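You will see chain A twice below: alongside chain B first, and alongside chain C after that.
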Partner chain A sequence: MRNEARSTPRRAGVRVVVLVTLLLGALGVLFGMSQRTLAGQPNIILISLDTVRADRLGLYGAQRSPTPNLDRFAEEAVVFENAYSVIGETMFSHASLFTSRYPSELSTMDYRFSLPPDVPNLPQVLGLYGYETSAVTAGGHLSDLFGFEQGFDHFESPRHWASFYDVLPPTMQWLDSRAGRDPFFLLLHSYDAHARYMKPSPYGFAFANPEYRGTGFFIAERNAGVTRTLEGRFFPKTGLPELLDWDEPRLLGPANKARLALRANDPDEESRRVTRHDVDFVRGVYDGALFYADMMFGVTMAELDRRGLLENSIIIVLSDHGEELGERGLFNHRFSLNDAVLKVPLLVRMPEGAHGGRRISEWVSLLDIMPTLLELVGAELPAGTRGKSFVAALEGGSIEGHEALFSENVFRMMSIKHRRGRLTFSGVGGDSPFAADLLASARIDGPAFELAEGLDESSAELLRAELEAWRRGLPSSPRTQREVSDELRSVLQEQGYWGPM
Partner chain B sequence: MRSTLLGVALALTLSCQPSWTYVTALEPVRVHMDVDQDGAVSAVEYQAVSYRAPDFGTADSDGDGDLSHTEIWNIVLSQAPATFDGGMPMTEPSSMDMSAYFGTDYDERILIDMMNFLREEVAVLEPGADLPTRRQIARAARSKRLDAPQVVDVLRQLRARHQELGLRFPKKLGENLDAIGGERIEGDELEGQADGE
Partner chain C sequence: MKPGRLIVTLVILANLVLVGWLLVRAPDQPIDSLGDAVSPLVATSTLEGARYDLSNRADELNVILISMDALRYDMTGLGGNGQSVTPNLDQFATESVVFHDAVANAPWTLPSHMSVWTGRWPSVHGVTNKLRLLSQDQMVPTTLSPGIETFPDYLVRGGWKAGGFTGGAGVQGSYGFGRDFDAYLDDRYFAGLDYSIPPALEWLEANRNEQFFLFLHGYDSHGQYPLAEAKLDRLKADYTGDLDGGIEEQAKLREDGLAAITSPGDAPNLEGALDEADIGFLKGVYAQKIKDADERLGGFLAQLRVMGLLDKSIVVIISDHGDEFMEHGGLDHGGTLYQEQLHVVMMMRFPGYARQHDVQESVRLFDVFPTVFDVMGLQGPAGVGGESLLPLLRGEAHSAPVFSESDYRLFVNLRAARRGSKKLVLDLQDGRKELYDLSVDPLEQNDISSADPRTTYELEQALRGWMDQTRTNPEDYLGIQQQPITLF
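Then we have the complex of A and B:
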């Protein structure tokens, strides 16, 4: 009966649908996935606030909150109190976020990184399911120079190391120019809390004295000020590449500390000790940067609200990594694997603010974002992903968090965070084929391991075994280095990311 | 009954208003600046947080002695974060040593890192130990091969020092060394080979 009812035009329409489905299905086959278009799905808006350290926000307990708009947003969102990044680097963290894989699985751990085209990423998969995908990023390490345009129908970076100030207008232009009715996935990214911290008034100095001219002023003001702060000293005349011996297994190990001490005593160096007042000042300027980013976030929400997008959009606000703010004599996010660098804000506002105000204390990872979002829209999760969905938490239920969290960085470090404590291993990077063997053989009381305070050696041995098992469970690096262009090199140099490192 | 209806009407009214506006986004900075809590942001209060910003007379465009939300937004719009203070001259060195860490080829880097790692395990325990030099290690790594004679020689020296001190040497590396066999290459010869001489 049903077959008889089909009209010829309708059959033609069915053929078109079948052809389109086959075409999209073929793309899905590339990733080993099935494809289907989903009607009535929510939009997904992912706002990535670069370099925002969780404990500086009011909603995470900061006494003098520089983030009133985010604090308010937390009342409409599910707040994850213990969310962690897997690396303190914009490029690798976003690559991990979009693929739910560890950075060293994706490429060599250096700045020749490019997002591998053969690993399915979040926008690609959402595109397979009918989402229109757009990214307006703040450039730098989250730009098409590193392959991040893959999977996006529209990708734009108005300038490198940009602010909300730069990315918000094109974002709204894109929203207003959309003709289709498909749900969309939008990535919005800003470096407002990234060095250099100093932001315009009245925000930039809302938490710091604008008359202060101690060493902290120069650290906060200069583009490379934070990278030239090592061992509690600011080295105004020498770039990071020359300050350290980059072949040292541990960049802040005894040999480089001795090297820095020599430089500190060299009058020509004009190095300056970073005092408690300097640290407080820099922290104040950093909070001012958060205050600015927070205001811009509030403006973003106003623009989304004005367009009626809060009713049917999932809004995720997160940071890719935190920042050390004077701890261990550093203002940086690349030298350490600790909570200052890895613990990040994570808030998910469901359409119409459903379950808003819930707070989830279980440990979650940015690796979990992709599985969660794909489950929310009913999409299939690609094989090989490492995270696990926390959808239940967004729907009022409970979740099992991670028992252990693993991290790594480009400065040859790996770490496990466990209820017992944190164990950090350094000397070879996660992209080294020798990493697991060296992890297994090195002395637990030797230079390669750093045991968190309170972690005894027997517990450390257990964590070493877990760290080794994790490492052995990962495939070797696919090695997708690409040649470094002059443009990219100059951008990296500008931020102190290039040179010997 | 009447008060219940009024309550419902008020709730409906509030729920229909856009909850996020420019005013709500900008209000916190007004509150923050208004130190004396008199409801207005004065020139003195504005000056206390100003750095290379428009002066109060310019910012207070309607001249009422207070900064409204619109006036604050205009201050924000007038200052691009990248350039608001004229920017600072870049002071990075102009010549970069591209041959060092991340400029080094991946194959070379992982060999250097591995051999330096094993070297340091010994050096920390016995600072005066007879170990391959860092220069030797860097030269050996240029071969980019684990089974290159120069690399094998360095690894054998490192294994010997590990064994002397009772340290564990990585199992797989040890097995590789045993499988390769052969004689040790002397230091001078090693450097010459690594240089391609």
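Then we have the complex of A and C:
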């Protein structure tokens, strides 16, 4: 071969050199143009673990940690010790996460909700800046039924109410089959920690007594609705679907309030006593669910590592909301605005684990994710976003967190968390005995419907004013509204979110 | 070396240099940003020593603001138009700072002038129409809120003599223009400089030894200003069509064009009604009006020179908006935000710095007063949107968002944003977006919003962010379908 090459006439050699350099030049120009903003851009992998309450994890100080993989991940990530959601429900929380706006700014606050097409969302904007965008979600509240496919080049929900077990294979398949060299944005989502908690052995009873028999079983295996206790008793039948008339435009309109009252006063309503043992069991089974979710998270990280993606990807792990585990007689996550429901894990692993192990105690919000990521990729932030970028914290600097955090829910409750404490206003009417009792059990006094945890009068006054000012800044009517399809209704019924009609 | 081999070697070398440069340069640095890096250097080198600092003469200098209503920038000789009809304006430019890319805040007289007067965006000063809708069938005349301070207010309060001599209509004192002026002429509807200059000169003669602010304005180029019969006849001699070039006809064509915006389909089709010769004739009438305006301006400027006022005054010449001639389906102005309506004249002559200084960066018309005040070291109203362009004049970095608005006669609700050569027009009523690249498409004929979604997104978000700041809720306009109110 060497000899042959040498014998080639010199002129031809020159021609080859010319051609190659010309080609290089052309390629260089093309490359230089196409990579104008992409060069060196990291991939972004957002892992949303549904219903993971921050204080149950070892990395946030839990004694017997059910999450060894997440705890290890925390050593390579910047850990936000005070990260908050704005609402305790999957679809609204993710909608806020993707748009950096409050849920009531986006759409109707019930199952007519749909992500509005005219509000720029995170995947859509990343797409404009050269990212290939893909989502593999666990369906249900985070599916195309609510418009979440918007902005994604590839959107897949293997089945509704799914586990990591269902979501992981198609994710890896997508990663392995993608041909483009653009950086990608990948959303992964699972319901593993969501009720119903019970997971297969050895996870299910890893943190709960397998010999236990009692009311806790009913609670752990219930889903959706207002799974709650009243005066130390658990009412298995008083789930949200049984209580509410969904055709009424407002969730707690007059008809629904009447139903609530009726149910609470029904002497035939079956109830069960709830003891500390029952609550402990529920917590144990919940930890078992976390244990399972964590195992799947570990597998995910190993798979990403195997593909060499840890070096050039930003990996964000978070939860959309937490879970009430018996505090104030509440379970589930929809009917309260306490830290149990709103304080979530948030970990950001920068490429190659830069600044890993940093702990940020400033208050941040899930609303901050979009501004942060857009700043990292150099994209323009949409108008009307509510969060603020915490990029500095990821790059070794300090940030100024939120002074106050606001939240809301479908029951027209709203809450402010402030250095002085939390204050919650409930839109639930006082004329229903059930509602009144409910509020009482949540230490909400009388007709003021305000919960002021350790607040003196002047602080309560201040927080009330701030909360009102915040509310006034939100639009009075939702941007989009639509009808609920039969398909959507049946998906919701499957998981107990919609009573038999 | 053979010529062939020399060429080959040069090609190889050039390519190696190119590849090397592409590899070496910062990966996230856009190629076109190099232009931005170079231009300030060029500007600075041509401007050495030009500090534009007149603060030591703040208690003696006058300010003369001349507004040529409805004068399109591209009809003047400022942009190098070989057949300029504005020799006097062009001549004055050789002694002035000339802003070649000045953008009107609004495309018609009242809101545009009020933005200059207040330094505020139209939706902030609120004088966006002559009438304000109180209820469905009750309209009241608009006037500037007494709570909003204007730049002339500051001069009046500072003891300056203030005189306004205008063509009335959209700059009538009742809208808030003549507040506390010693004289404000606005008794004619659509009068020209031929009407406003003589009393202005008289007033100058009487006040020349005082420190004064003079506002001179004329509708000479405006569609509602009649061209002299003899001149019209000369233009008609070369034209065989049916148009008469008069102001009644102009009003009718204007309304036909506007009707096409409110009720497309039903409206008389202007596009079909006017052929090239018709449009040429109308533009000829416009050009002649501008020529007349320029002559009158020239006479006035000569008087200033004779009176010795040029050395004692900062003279600012602006136009408030342009005029359209079927570039986008209509005649007149107010109903769209395209360049023929927004690209305006803006120049400033500073005594002591009286030589031509060309500024190519995009500026907003309401930067006029903040700049003049800054140069004189005067304090103006706070919290305004307009900004001093003094840094730009001194070759320093300056960038400010460029937006325009039209809520013309309460039936169009348009917003526009500029960034470099890119321009977005957003219709608040239906959310429709158009994106243009003025560098290759100066007449805005080719909407590239779908071909360039990123720029569309960036400009739209900048626009919406600004609307948040100016407390304009875009949703207030969605789905609005109003009939144009009749004001004339």
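Please note the rule applied: the second predicted complex is superposed on the first by the 389 of 501 C-alpha atoms of A that agree within 3 Å, B and C clash if a C-alpha of one lies under 4 Å from a C-alpha of the other, contacts with A are read in each partner's own complex, and residues count from 1 in each chain.
Just so we're on the same page, contacts are C-beta pairs under 8 Å (C-beta built on N, C-alpha and C of every residue); 3 or more make two chains touch, one makes a residue touch a chain.
No experiment lies behind these values; they were computed from the predicted model shown.
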| item | value |
| --- | --- |
| Touched partner set for A:G40, first chain B, second chain C, both or neither | second |
| Most chain A residues touched (candidates chain B, chain C) | B |
| Partner chain in contact with A:P382 - chain B first, chain C second, else both or neither | second |
| Touching partner for A:P475 - first (chain B), second (chain C), both, neither | second |
| Contacts of A:A465 with chain B and chain C, given as first, second, both or neither | neither |
| Touching partner for A:P120 - first (chain B), second (chain C), both, neither | second |
| Overlap of the chain B and chain C footprints on chain A, listed as residue numbers | 479 |
| List of chain A residues in touch with chain B within their complex | 68-69, 72, 108, 110-112, 159, 161-163, 165-166, 192, 196, 198-206, 210, 221-224, 236-239, 241-242, 246-250, 291-292, 294-299, 301-302, 304-306, 310, 410, 412, 427-429, 431-434, 437-438, 440-443, 446-448, 479, 481, 493-494, 496, 498-501 |
| Of all residues in chain B, those that touch chain A in their complex | 18-22, 24-26, 28-29, 32-33, 46, 48-53, 72, 75-76, 79-82, 84-85, 88, 90-93, 96-97, 100-103, 106, 109-110, 112-114, 116-118, 120-121, 124-125, 134, 138, 167-173 |
| Residues of chain C defined as touching chain A within the complex | 5, 8, 11-12, 14-16, 18-19, 22-23, 27-28, 30-31, 431, 453-454, 457-458, 461-468, 475 |
| Interfacial residue positions of chain A with respect to chain C in the complex | 14, 17-18, 21-22, 24-25, 28-29, 31-33, 35-37, 39-40, 118, 120, 125, 128-129, 378, 380-384, 475, 479 |
